[in-house]
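Supplied in structure tokens, the structure appears directly below.
We call the chains A, B, C and D, going by the order they appear; numbering starts again at 1 in every chain.
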Amino acid sequence: MKKLINDPKAVVDESVEGFGLAHADLVTVFPDPKYIVRKVAPVAGKVGLVSGGGSGHEPLHGGYVGLGMLDAAVPGAVFTSPTPDQILPATLAVSSGAGVVHIVKNYTGDVLNFETAAELAQAEGVEIRTVLVNDDVAVQDSLYTAGRRGVGGTVLVEKIAGAAAERGDNLDAVAAIGDRVNQNVRSMGVALSACTVPHAGVPSFELEENEIEIGIGIHGEPGRHRIPMENADGITDRLLDPVVSDLGLASGDQVLLFVNGMGGTPQSELYIVYRRAAQKLAEQGVTVARSLVGNFITSLEMQGCSITVLRLDDEMTTLWDAPVHTPALRWGV
Amino acid sequence: MGLDVGWAVRWLTLSAQAMAEHRVELIELDRPIGDSDHGENMDRGFKAVMDKLAETPPETPAAALKLTAMTLMSKVGGAAGPLYGTAFLRAATALGEASDVDAATLAAALQAARDGIVARGKAESGDKTMVDAWTPAIEAAAAAAGDGDGDVRKVLLAAAEAAEAGAVSTDPMLARKGRASYLGERSIGHRDPGAVSSALILRAAAGAAE
Amino acid sequence: MKKLINDPKAVVDESVEGFGLAHADLVTVFPDPKYIVRKVAPVAGKVGLVSGGGSGHEPLHGGYVGLGMLDAAVPGAVFTSPTPDQILPATLAVSSGAGVVHIVKNYTGDVLNFETAAELAQAEGVEIRTVLVNDDVAVQDSLYTAGRRGVGGTVLVEKIAGAAAERGDNLDAVAAIGDRVNQNVRSMGVALSACTVPHAGVPSFELEENEIEIGIGIHGEPGRHRIPMENADGITDRLLDPVVSDLGLASGDQVLLFVNGMGGTPQSELYIVYRRAAQKLAEQGVTVARSLVGNFITSLEMQGCSITVLRLDDEMTTLWDAPVHTPALRWGV
Amino acid sequence: MGLDVGWAVRWLTLSAQAMAEHRVELIELDRPIGDSDHGENMDRGFKAVMDKLAETPPETPAAALKLTAMTLMSKVGGAAGPLYGTAFLRAATALGEASDVDAATLAAALQAARDGIVARGKAESGDKTMVDAWTPAIEAAAAAAGDGDGDVRKVLLAAAEAAEAGAVSTDPMLARKGRASYLGERSIGHRDPGAVSSALILRAAAGAAE
């Protein structure tokens, strides 16, 4: 394991500290319990937005704290959901009285810890709504599992719900648009290589030189199945097809196409995947109205990518285009 | 003779030792069917419990368990943090103010712990989770407590042994809860890390009563 | 070699095509000869800015085409400088009569090819100025070599000269500010792993599990020397110290601190490096007035990073802050 | 007997074959002291030369070399593209309108090519570049041409052999130009890829005259 770290146990502490130093104009970092808050918080009258989860997915979630997106992010240990004693003060810090929305990726740990924090916050008089993100079509038979995982769609939920909160939507409206994004977004990922959790010191799984793992999550956990290496177009089809069919996309639909890098894949390769996906959608009569390409929700240094498609309506498009000013996503300001 | 606060502190101390010793093993178990953090999480959590116990020495067994619950809840994270947190909290509540825990109360507290895990995690037996260690453990504990001689050590030994067997029994199971469930068929043939850490904790409870 | 590609020979073609599809609102891609031009070009009365170089450094240079930065980018084959028959039409496409600045990283290939293109453009009546970027302090005895390489500083030259052109500076002024940035910027990089050029199929060099390469360039070429693995703070010191001393930084100086990922390093690790670098600069009385952290000039999937420090003056700071709207860098608009 | 346009086309064809055959070897040479692209660049360039020759068959040796120069310039990129482009362009100019090249003109053309490379790249002998293949080659060619029997094949053979020895002579050199110069001492012990491709091209010139 070769990493630019000092001590496996200090990775999150030091990284978040550096993040706070680099973006002191946008965020405030509280070290213990650890959470990241938008510079001006709470924003009077605004619904607060809090998300969080294990670390190792950077820029998610800390990189999305700022105007038009999250009010606070709560980083757990690497690939480990944060705890209620972090989530609660983050929630209180961004509560202006208009209520707070928790955006939670659907993993048992995240759900349980946010659930506890929400109860505690409500006991302190803060109204909480929870938007659960579960866009990963790789999880099959989700009735008999912990359910679908929250992956790439999370970024889009955070952006669009964040814009709704910023324009002054009330608590229920912000939660509703978050849910609507979640209902209209699907994702699937592939790993060409595994990643190494710093405290584990060895890769999460082993892939042969000619193997890839289809249906990967974002925690270095193995995926749906392992297949021999294919070319980029073939892999793209394997990711895009289930996304399109699960979403029930039809000719005439407008979508946002999001090709995400898992952390160790060159941008040039992401554009090769984007090219194929955009061509295939166009062939099906689907209009790619918005796009996003890059490392936005990662698994440390994993090589691979995920494809996320969001079926847009006019309101979602407007909210997507609305100004955002965070360390990792910025436009219109 | 029942179990006092000294036992509770020894239990937690032995648990912390077990988590440190088995840290790598638990990480390794969490690797093929999870995300390689269970040992790290549990070790971090129980180290924090040790710090808390030193800071505010508890007066009753229940106080020791409650402090453990709050610390695990706030330091472990992941699925295991809230589950173990709830387990210790419910056990503490079941113990009440007693400074000396008898066999029946002990069995009831273990049952409360298991029920807490089920209430939070909604897992059933056979889902390949820590519940598969806890359910046989509380059944064995209840049977041992019902024997009549009131020996708390027998209750704890019975629970530990059953939990260990329960952990082994997860090997062939297909996971339906937690991260391992994403793997479907591929989860078969691996032991559930949470079931193993549960067995370690229950073995520590028995060790503390020696 | 596992990559999200179809054919090693088509990597640049397909990637740039995908890039053009994803950013059709900002750029136009010409496929053969290949170059990327800002959507509205030439901008009447504005000095044109053209840069280019081998591919594999994405988002450099195509990602920096747009308002306030480059007017055109010319991508060569992977790690191979582009040719005059690409550079010339790109230059002509962005020439409004106010002249064109070529921003050239100091590599023999880039210099020779841009030199030829500049001659040809001048023969067609376009005035050309060339800003040569050579900020890499890892190259020693540069009198007896091809000279220092252009690395991280290139991004800063492109941004600041681009802002000068956008506000209406004339040809000589734009070239002068570009030169001034180059004179005040220094960089040094480290590789934890090598990268694999698609057509070569094997890594550019081999590093043992406990070795790192200090003073790496951006072409997968080996660096200055190889040392045993160290922790992040130690590595940061090895990169920052020569940069600071070569730049002759003094207490009271204002700088832009840029920690760049080589393509395969998680963002969280870059922030650990940033933390140490910011702390060390602060100890020396140097004020980090601006910062940039992320993958901005890469070597495919190489793991590692580079540290770039730019000594700022008021004008450079103003131009850095000026609006920019490109696929990879955007603010103020 | 001199060299006509047929020879020129055969030269370029054999060069293209040599680049395709030695593509991997040239990439490998460029790996330790460069950026692993020289073989790829040269192969791509000479393949394009073949296409151009088929599209517009040249009428004179100079026309063949000029077309080669323009194609290499626009297809090779990197350092080698402009250097070889200039070399072929200067050689073409030196040949003028001749449809049949004699030994003296040939030697002069080779000299012009080398001078073009030096003019563009500013490398001196001993800098570990293609110049270290070309300089001994033109010296040997001049000597062979001066022999008096006017055999163009002897001129080309002398050039090819000297270039090959020149390429080998780069092994112990410390690079002072091009990418390898960044390595300083560590460039010692590796052969310069551009010197090797130069020797291959000159060997092809001799082969074409057989």
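Observations, loosely collected:
Here is the rule we go by: a contact is a pair of C-beta atoms (placed from the backbone, for glycine too) under 8 Å apart; a residue touches a chain by one contact, two chains touch by 3 or more.
Every value quoted in this text rests on a predicted model; they were computed, and no experiment measured them.
We define each chain's centre as the mean of its Cα atoms; on that basis subunit A and subunit C are separated by 29 Å.
Centres computed as Cα averages put subunit A at a distance of 32 Å from subunit B. One finds 55 Å separating the Cα centroids of subunit A and subunit D. Centres computed as Cα averages put subunit B at a distance of 76 Å from subunit D.
Under the stated contact rule, the graph of chain-to-chain touches is a line, running from one end chain to the other without closing.
Taken pair by pair, the chains that touch are A-B, A-C, C-D. Of all the residues in subunit B, the ones that touch subunit A in their complex are 27, 31-37, 40-41, 44, 73-83, 85, 120-121, 175-179, 181-184, 186. Within the complex formed with subunit D, the residues of subunit C that make contact are 33, 54, 76-86, 107-109, 112-113, 115-116, 138-141, 144-146, 149, 197, 199-200, 202, 204-205, 217, 219-222, 224. Across the complex, subunit A meets subunit C through its residues 2-7, 11-12, 14-19, 21-23, 55-56, 58-59, 63, 192-193, 209-210, 212, 229, 231-233, 235, 259, 263-276, 278-279, 288, 291, 293, 295, 298, 300-301, 303-305, 330-333.
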